[in-house]
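Here it is, the structure, as structure tokens.
Chains: A, B, C and D, in written order; residue numbering restarts at 1 for each.
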Amino acid sequence: MEYVDIRYIGKKPKLKNPIFIEGLPGIGNVGKLAAEHIIESINAKKFAELHCKDFPPQVFINTDGTIKLVNNEFFYWKAQKRDQRDLILLTGDYQGLSSQGQYELVEKILDLVQEMGVKEIYTLGGYGLGYEIENPKVLCATTDISLVKQMKKYGAIFKKNEPGGGIVGASGLLIGLGKLRGLQGVCLMGETPGYLVDPKSAKAVLNVLMKVTNINLSLSALEKKAKEIERIAHQLKEIEGLSKEKSEELKYIG
Amino acid sequence: MEYVDIRYIGKKPKLKNPIFIEGLPGIGNVGKLAAEHIIESINAKKFAELHCKDFPPQVFINTDGTIKLVNNEFFYWKAQKRDQRDLILLTGDYQGLSSQGQYELVEKILDLVQEMGVKEIYTLGGYGLGYEIENPKVLCATTDISLVKQMKKYGAIFKKNEPGGGIVGASGLLIGLGKLRGLQGVCLMGETPGYLVDPKSAKAVLNVLMKVTNINLSLSALEKKAKEIERIAHQLKEIEGLSKEKSEELKYIG
Amino acid sequence: MEYVDIRYIGKKPKLKNPIFIEGLPGIGNVGKLAAEHIIESINAKKFAELHCKDFPPQVFINTDGTIKLVNNEFFYWKAQKRDQRDLILLTGDYQGLSSQGQYELVEKILDLVQEMGVKEIYTLGGYGLGYEIENPKVLCATTDISLVKQMKKYGAIFKKNEPGGGIVGASGLLIGLGKLRGLQGVCLMGETPGYLVDPKSAKAVLNVLMKVTNINLSLSALEKKAKEIERIAHQLKEIEGLSKEKSEELKYIG
Amino acid sequence: MEYVDIRYIGKKPKLKNPIFIEGLPGIGNVGKLAAEHIIESINAKKFAELHCKDFPPQVFINTDGTIKLVNNEFFYWKAQKRDQRDLILLTGDYQGLSSQGQYELVEKILDLVQEMGVKEIYTLGGYGLGYEIENPKVLCATTDISLVKQMKKYGAIFKKNEPGGGIVGASGLLIGLGKLRGLQGVCLMGETPGYLVDPKSAKAVLNVLMKVTNINLSLSALEKKAKEIERIAHQLKEIEGLSKEKSEELKYIG
């Protein structure tokens, strides 16, 4: 196995001027939630698996008792209307653990998508605020000034000096290293508290991405997940409240 | 010395359709205890030593004052009855320290055993519960759905979503990377508190493995070790209790 | 992309016996502040960008919403008077994250500047005192005993056994590895508390460097920055003081 | 520069059946103190310098203001009497920082000394006890059972299962990897509290090594250093005592 190992399932799909969309685990798991939601909604086909020696040495266990070595997975989808574009999508279990691993991984991913004709990259992620937010906005950063205007039209926002620390990880590196290759790139970051997985933020990201891709997705599944998470978050707070109350009662008695 | 360095002792044994069994250090040292117990019981022969630059830079000191560079060791055993199979066994002092090291090591181990004809892998380990348990069960995960049924017959159990974090380390990686090579694999994980070495859990694992291999092992040595560990654990608790008592006495006096 | 990747912007400048000056991020950001101040003041031209897999996997966001992959940048400047020398200058976002990365980076940087004719290296940094200082001095270390005398003339000082821990990072390594190649090197370290970015210390360093290079720089921008930092530091102290006061008030009431 | 870079000073010395002695920094700095003492006492000649990308990216500052890239250094000495042997000695600023670095370094060191005819290795180090000791003994571990007897004659001791954790670092690895090459090796470990540099322990180690090499060294310089260290340790304790006293006084007043 190479350091980064890519295996095709069946033969490589032939795509026409495809857009590449990445959503890997990260803050609030926003990017991964969003990417998985598109893949399921449009029924994209898996065509390649990527393993890497910079992923943890780990297998996951499927519900049927079989195992799966941690990986990243590539999917494709062919445009069905005139105003749509072919897509390559990437999601997975992990990003690289080390700096060097991240660079190596992103280079191999760019090699693959560039070979398949990609000239535009959209990377999806979360922007951790550290506090709760009712209506998450979608921050944006791009490789080209022309894309800034375009993305504003689609509802993404740009804030001076935000994120202050830049973008760390695959979402940043894909468009950063892509830019060095002459590829256009956009990173969409949904605002999120960052404590829990955040389907509400993923929904906000997809609202922008739907305009980019001219694909209409039902987001009700994400809304449902968002409500579940809210319910759980609420319960967690109640339990915390109760345990505080009880410990105060105990003090009173004791 | 290569990054992973394998040295044969004498000439490479010729085996017929051997099963590969791995038991390296890990949670409760269950895998290593189990593997060492088989090796000793069936008098398996060491045929290769593996050193690795991802092991600690360390030598151990034998009881006679001589040293031994930390390593992993391969053993073999030839079937003695009709319903038995030749075996290759692996145990050792350490697993790789880094993610990449783990991947490199497992790849070299698979190269070796595949070259010797292995098509089936059994990896042994512990499943850390964090609490004490009277009768440890043996959780299982496999590469193939057909093996799930078979392993259930042998007394291993499957729990949905357990271990939740998957399997980390050589035991998971050997069957995960093995699966990519078309090898069949089973990981047997004895339930264990995970605090101390756990011969009771190793015994549980061997009870399943004996059915897999049709080898009858006396497990009394492990039972004896288990009792010793229990005695020590008990003493540790008593000492803790005493020291608590004493410190309370001191408070009373002081 | 290579592990260390250097890309020229336009064609490589031809320089005559250039001096190489490095100022990368470090204690008090002294070196970087100083290097950036020279580059801006003399209007040096960027001629190469360096990316490295040992930098963080990160992009920064420009004020216009576009991104920039973290890097190091080379500049050049041609002498304009008889007593001046051509210059190559290096600054950037990061130093290498790992020991090996630092060595690899410095080797590549030395390859580049040596190929362009450099025989003398000046590295700029801070010397962290851990306490505040009114008039920071500039400590010095050199590759050759002859340079010690010269640098003393220019106002740099040498203290026996200081810095006691030597010089860690690019500033040390450039002259250390440079010495192995027969290059002359000087490290100038401005005394700094080390808590905040320190333009005052950068100014002190530049006062020495101006004598080395026979270039006259206006340092008023650094003075202005230094005053701002002092004002912020003062405010921070006041806030700390206030919050202490308030918490004491609270205790009094409560 | 290679990952491990060795540079000869002048031409490689020709030695007859030399013994290799290593003393690098470690617990109580015992090995390095001992090696440096021999080198100075017998006036051994430096013949090679070793730099490594796994050392810290650091230069030290000499008393004259010049710098020195951190390194390891090789020395040689030619036997002067019939019962003596030629020596190669190694000491230096650092051991490798990473596991892999340690392996790479030791392999290169063994390449060098083996090429110069070495068949016997003595490595010097400390054995950290964690408590003070009046008369440090010298623990020993060897590659061959025959050496155990010999070393006992010279006053080294062997304790079953000690050091329990084996020997970590260059001293262990040199004889561990050396053994794989068929080289004979002995590790001498002076007992030491391990808190401070320990010339007394180095002296104990040299008492054994003098018998191995038939070289008579004056150990008075080490004795003097040992007394200094003891004085400093004593002062440290007094200061601690005083500050405790004072803080109790303060409580009394306050």
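Basically, a residue touches a chain if its C-beta (ideal position, glycine included) is under 8 Å from a C-beta of that chain, and two chains touch if they have at least 3 such contacts.
Source: prediction; values computed, not measured.
**Student:** Could you tell me which chains make contact with chain C and chain D both?
**Tutor:** Chains touching both chain C and chain D: none.
**Student:** Farthest chain from chain B, going by the mean of C-alpha atoms per chain?
**Tutor:** C
**Student:** Copies chain A, chain B: same or different interface, half of numbers shared as the threshold?
**Tutor:** Mostly different residues.
**Student:** I'd like to verify one number: the distance from the centre of chain B to the centre of chain C, where each centre is the average of its C-alpha atoms, in whole angstrom.
**Tutor:** Taking the mean C-alpha position of each chain, the two centres sit 53 Å apart.
**Student:** Hey, how far is the Cα centre of chain B from the one of chain D, in Å?
**Tutor:** Chain B and chain D have C-alpha centres separated by 37 Å.
**Student:** Provide the list of chain C residues touching at least two other chains, using ranges where the numbers run on.
**Tutor:** Where chain C is concerned, no single residue meets two or more other chains.
**Student:** Name the touching chain pairs, would you?
**Tutor:** All chain pairs meeting the touch criterion are A-B, A-C, B-D, C-D.
**Student:** Any idea which chain D residues touch chain B in the complex?
**Tutor:** 96, 99-100, 102-104, 106-107, 140-145, 148, 158, 160-163, 165-170, 172-173, 175-177, 179-180, 185, 187
**Student:** Which of the residues in chain A come into contact with chain B in the complex?
**Tutor:** Within the complex, chain A touches chain B at residues 1, 3, 7, 51, 53-61, 63-70, 97.
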